[in-house]
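Chains here go by letter, A, B, C and D, matching the order in which they are written, and residues are numbered from 1 within each.
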Amino acid sequence: MSVAVGILGATGAVGQRLVQLLASHPEFEIETLTASEASAGESYSDAAKWRIESPVPDGVGEMTVTETTPEAVPEDLDLLFSSLPSAVGREVEPAFCEAGHVVSSNSSNHRTAEDVPLTVPEVNGDHLDLIEVQRDERGWDGALVKNPNCSTITMVPPLAALDDAFGLDQVTVATLQAVSGAGYDGVTSMEIIDNAIPHIGGEENKMETESRKLLGEFDGAGVSWHNARVEASCNRIPTLDGHLENVWVETAREATVEAAIDAMESYPSLELHSSPDQLVHVFTDPERPQPRLDRTLEGGMSIAAGGLQETDDGLQFNCLAHNTLRGAAGASLLNGELLLDRGYL
Amino acid sequence: MSVAVGILGATGAVGQRLVQLLASHPEFEIETLTASEASAGESYSDAAKWRIESPVPDGVGEMTVTETTPEAVPEDLDLLFSSLPSAVGREVEPAFCEAGHVVSSNSSNHRTAEDVPLTVPEVNGDHLDLIEVQRDERGWDGALVKNPNCSTITMVPPLAALDDAFGLDQVTVATLQAVSGAGYDGVTSMEIIDNAIPHIGGEENKMETESRKLLGEFDGAGVSWHNARVEASCNRIPTLDGHLENVWVETAREATVEAAIDAMESYPSLELHSSPDQLVHVFTDPERPQPRLDRTLEGGMSIAAGGLQETDDGLQFNCLAHNTLRGAAGASLLNGELLLDRGYL
Amino acid sequence: MSVAVGILGATGAVGQRLVQLLASHPEFEIETLTASEASAGESYSDAAKWRIESPVPDGVGEMTVTETTPEAVPEDLDLLFSSLPSAVGREVEPAFCEAGHVVSSNSSNHRTAEDVPLTVPEVNGDHLDLIEVQRDERGWDGALVKNPNCSTITMVPPLAALDDAFGLDQVTVATLQAVSGAGYDGVTSMEIIDNAIPHIGGEENKMETESRKLLGEFDGAGVSWHNARVEASCNRIPTLDGHLENVWVETAREATVEAAIDAMESYPSLELHSSPDQLVHVFTDPERPQPRLDRTLEGGMSIAAGGLQETDDGLQFNCLAHNTLRGAAGASLLNGELLLDRGYL
Amino acid sequence: MSVAVGILGATGAVGQRLVQLLASHPEFEIETLTASEASAGESYSDAAKWRIESPVPDGVGEMTVTETTPEAVPEDLDLLFSSLPSAVGREVEPAFCEAGHVVSSNSSNHRTAEDVPLTVPEVNGDHLDLIEVQRDERGWDGALVKNPNCSTITMVPPLAALDDAFGLDQVTVATLQAVSGAGYDGVTSMEIIDNAIPHIGGEENKMETESRKLLGEFDGAGVSWHNARVEASCNRIPTLDGHLENVWVETAREATVEAAIDAMESYPSLELHSSPDQLVHVFTDPERPQPRLDRTLEGGMSIAAGGLQETDDGLQFNCLAHNTLRGAAGASLLNGELLLDRGYL
């Protein structure tokens, strides 16, 4: 028996990926699609300028898009996926929670709020129980759960493996990020062809804070952030999908490449529908992973790592993930599956 | 009165840039162009597949290409610029030096040899006097002088400025390198369109060693390498020209952004013909420098920096240079100008 | 003594190119820069997001931008260059003409109006005298002069040469157009990386109509359009600047490659400041012209041609021009220079 | 029961695609893989630098590569797929045919030979019986069958549909071809980033001759080529896969867009394993088909068309196909399936 779900902000780039992923999902069934007021009342096919290579899934194109307000969404919809613009999400997501919905959101608002779980299921699924604290404090029947930024998700699973194995004191990361991370219209061709941009507004800060919350400890009352120092430099390059990252870690205990590879490759995945069989795949060819070749590993839900080397005080490695699958739509979906699995729906 | 010069390996990508730069040079005049045995005897226009946007300079296309052997080059040619493939240069450059020529070489061989000056004129021009040691040891009338790798040159001037101001303990650098750095045929389009490659064979090691030699002290007998630890991760991205780098430095003394900008912008240039007016330009817009917009700053001979931020133990910044101008042909040329200025020709 | 000029729509992509070209112009001096109401009162540096590789010219950045209305522009400004969006230009350009200004416009409105000269100076500069008809009919002291669309300009000079030599019955053209032709934000990176788009709205029609007007005859009262049939197919590809076109012509008289090359290369240029020395350059290497290598020929004001071959009923050739120089800002400027030369200012 | 097959030239770009397609094929089983002498004796994993996004199929990587000579290939291998370089294929393919093998070849040699069938199964599968003539003349037990060039295949199905419906007098075509069409190393990144090349050596001629043979009539003794005039202009652009083409046809009878769409969409496919359900898909959105969005239609085996318009003497349209699937490896495979279906194996 499938759970009826809705998508808030269904016409954008991440919303479209959610539609694609949910259309053939065994546990969830799309019942409601929302968009801005201007599109309300239109069919999904008319409201969304569909940009994914496979066609709009059967049955979805004819659905009528509703406005993104609690009044326009059926009360009994247990789970809402949100890919709203951050400023919009900040306003309306709490209203949906108050109206009793559980919201699994990719939107960047509230990610570092004390009573909002920020989870990558395989890494810190236990943080989900922060929902109890949240409900106590806010008096909600629903709940608000967040997944991190796409560039953060890419590095957190390998970092979690290294933290377990050696302890982390410091993380330094340079990213090479795909244009799709900025949304369909986010980067013009004139900006990026034969070019690179060495700064992505707000992204460095997200990586530095969200990763520490994700790697932190939940004690039943709150999350103590990990105390590693994290320093990020984010670059946009002319690739379509797949964020590549160069990472240096200073470890608390001595680390070897062999033990690090073992820690990454044996880091446990889950048995959720969208979980990859193996969370982190480590390449031995130093020229891998590469965005175009490796971004669709295990349906775009695995992390690819490589280039491991020992340094004076730790390790150096590269990692890669598909930013709109594992890094956005797939991340929200996985949180939804975890919510179902843990009995929150 | 101009000095007659030759170019060893004149038909390759860097050789062509040298031809372009030398054609209108006030101090040097091209007298000899060499290439592999297969091209010897052909006109330069026939031997070189010219790939630069401006046409082959007047008078050069008709010159006859000679073989790359001391016998084929006039004895009285004071200065030879070398852009030979490294394996070839390793063999033949010493033979030219033995035959009495001064060789300013971009080829990667011999760069870390104890008696070979590796110089960026503005940074460590004084190392040039290592030629005396070299001549003593090798019994040459000529001399061999090297410029560093293109990715090393890009970061060394800002690092030198920071070293003077605060002292450097550690340098961590991630590069985003243009395809021209691999030579005209070095990166196929199938490898790099919609992609990035997180490793460039040998490049990381060059950055880690050459930068320490360049920042080292010459005491009249030899060079003591700088003892900062340097860790590099090199990436190839789909840009044509211009290497962009993200750099973190751990400084010996406390550093501020303001003092760092001042140190970089006031770092002295020289009065050589190809010297930029200002060696390092610092942008305040965090989205700059960008390869396509900033690689031709001061004719491609300046370093562009930006994104300066304080970190817990030092500073973070970005830098950029044109890899075939400041990073290769222009670097050799500048060494040639320094050799002339210092009386070595 | 220089003529004071203004730029209507000075902050957009073509407006910026006009600023760049006019800043060092010997005959014209920028006195007024206009933009939308939102930017009025700001300095040009603040109002324009400057995207050209060389910096904002000295003295221009500090100028105050005014609104695009006749009231906001000094009455005595003889010449206004317009790069307004077409819908805006359609409304306000006539108002400026009525207020006594001569407007040289790149905007697509009015191009095929009967009493509006559409000119490429070297090809049909005599059409400029249509201004007399225009003034009679509209009662203007000023005048409105247009240059054609960038893809049209690219092929018209070689077509004019072939028409003179052999007569033209039919023209079939496929274009490979650069992203800058759509303006800075016109094509997103997600649309065009690893892709091509086989249609550009309105562009095919512009090529089919504007080229026939340009190649038509002016008899003192009006322009009889050329009666060749013109069929165009327009494609957007991932290049930054430079439109490349494959053209087939059916000629009235038998054509040879040799005579065609001669007709193109000897087609007269003018002596205006921005005129190239040679209007059409013909390459014999069949792989040329190429956008990146040949778009800046003679400062981007020449047309490059190549690939000439005889067909059963005529000829086949390729041509290329820089779409924002010869194809837009440079085209308007050249019309301005012609207006000055012919005494219309 | 599956047919044992071999791949001549299995390590190249098309050879790798063949390996991928054959690995899961229900009728064929890979038994032999050949490569140049230098690779003979190596495992396939070592000999091939695998560049396809999915991994080397199970069991294939361990196979030992043999030399490309009849002696090195088992006598009882009924079918050999050839993706040899043309110059190599010209020499050795006949030797394999003489040794009794049936060769389905993508190599460009022999394509226009009088007794060699050149087939696109859905279009002119009946030409396959030219094998009888071939065997009579050459005394072979085996046979040589060719598929056309990738750019030819793209336009021939829609042209065949239009020929049936209206008759074709003339075809004019401009192509926008992907870099993979030149093989993995065929186009360097320095040649094509921010660029286009308006000529592909030999390609124009292939399109002009092969299309006329494919659309010709086979009368049991030989093929009378279609007498339409075909004029092609071939361009390389910065896309990875998918050739896009702009086509104009002059028709013998009056054509309408509606009838043309109907002719294309109802053009029959076959029931072979690799046949698409619908051979030609026609888009009504004039901005489609686009390489990145539409090249994988029906597993990359369909032709996408669009942009249909009436002209004075016929029609104009665009078409697109995946050049290494439908245009190369898939084309050879389909010919192999047809050979099996028609009892030639």
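Assume a residue touches a chain if its C-beta (ideal position, glycine included) is under 8 Å from a C-beta of that chain, and two chains touch if they have at least 3 such contacts.
Please read these numbers as outputs of a predicted model, since none were measured by experiment.
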Between A-D and A-C, flag the pair that has more C-beta pairs in contact.
A-C
Among the chains, which one keeps its Cα centre farthest from the Cα centre of chain B?
D
Report the inter-chain centroid distance for chain A and chain C in whole angstrom, where each centroid is the mean of the CA atoms.
47
The distance between the C-alpha centres of chain A and chain B, rounded to whole Å, is 42
How big is the gap, in whole Å, between where the Cα atoms of chain A centre and where those of chain D centre?
42
Mind pulling the residue numbers of chain A that touch at least two other chains?
193-194, 238-240, 292-293
Using the touch rule from the top, collect the residues of chain A that touch chain C in their complex.
51, 179-180, 184-194, 238-240
Per the contact definition, I'd like the list of chain D residues that touch chain C in the complex.
172, 174, 176, 194-199, 229, 231, 233, 235, 237-240, 244, 246, 248, 286-293, 306-307, 311-312, 316, 318
List of chain C residues in touch with chain B within their complex
53, 193-194, 292-293, 296
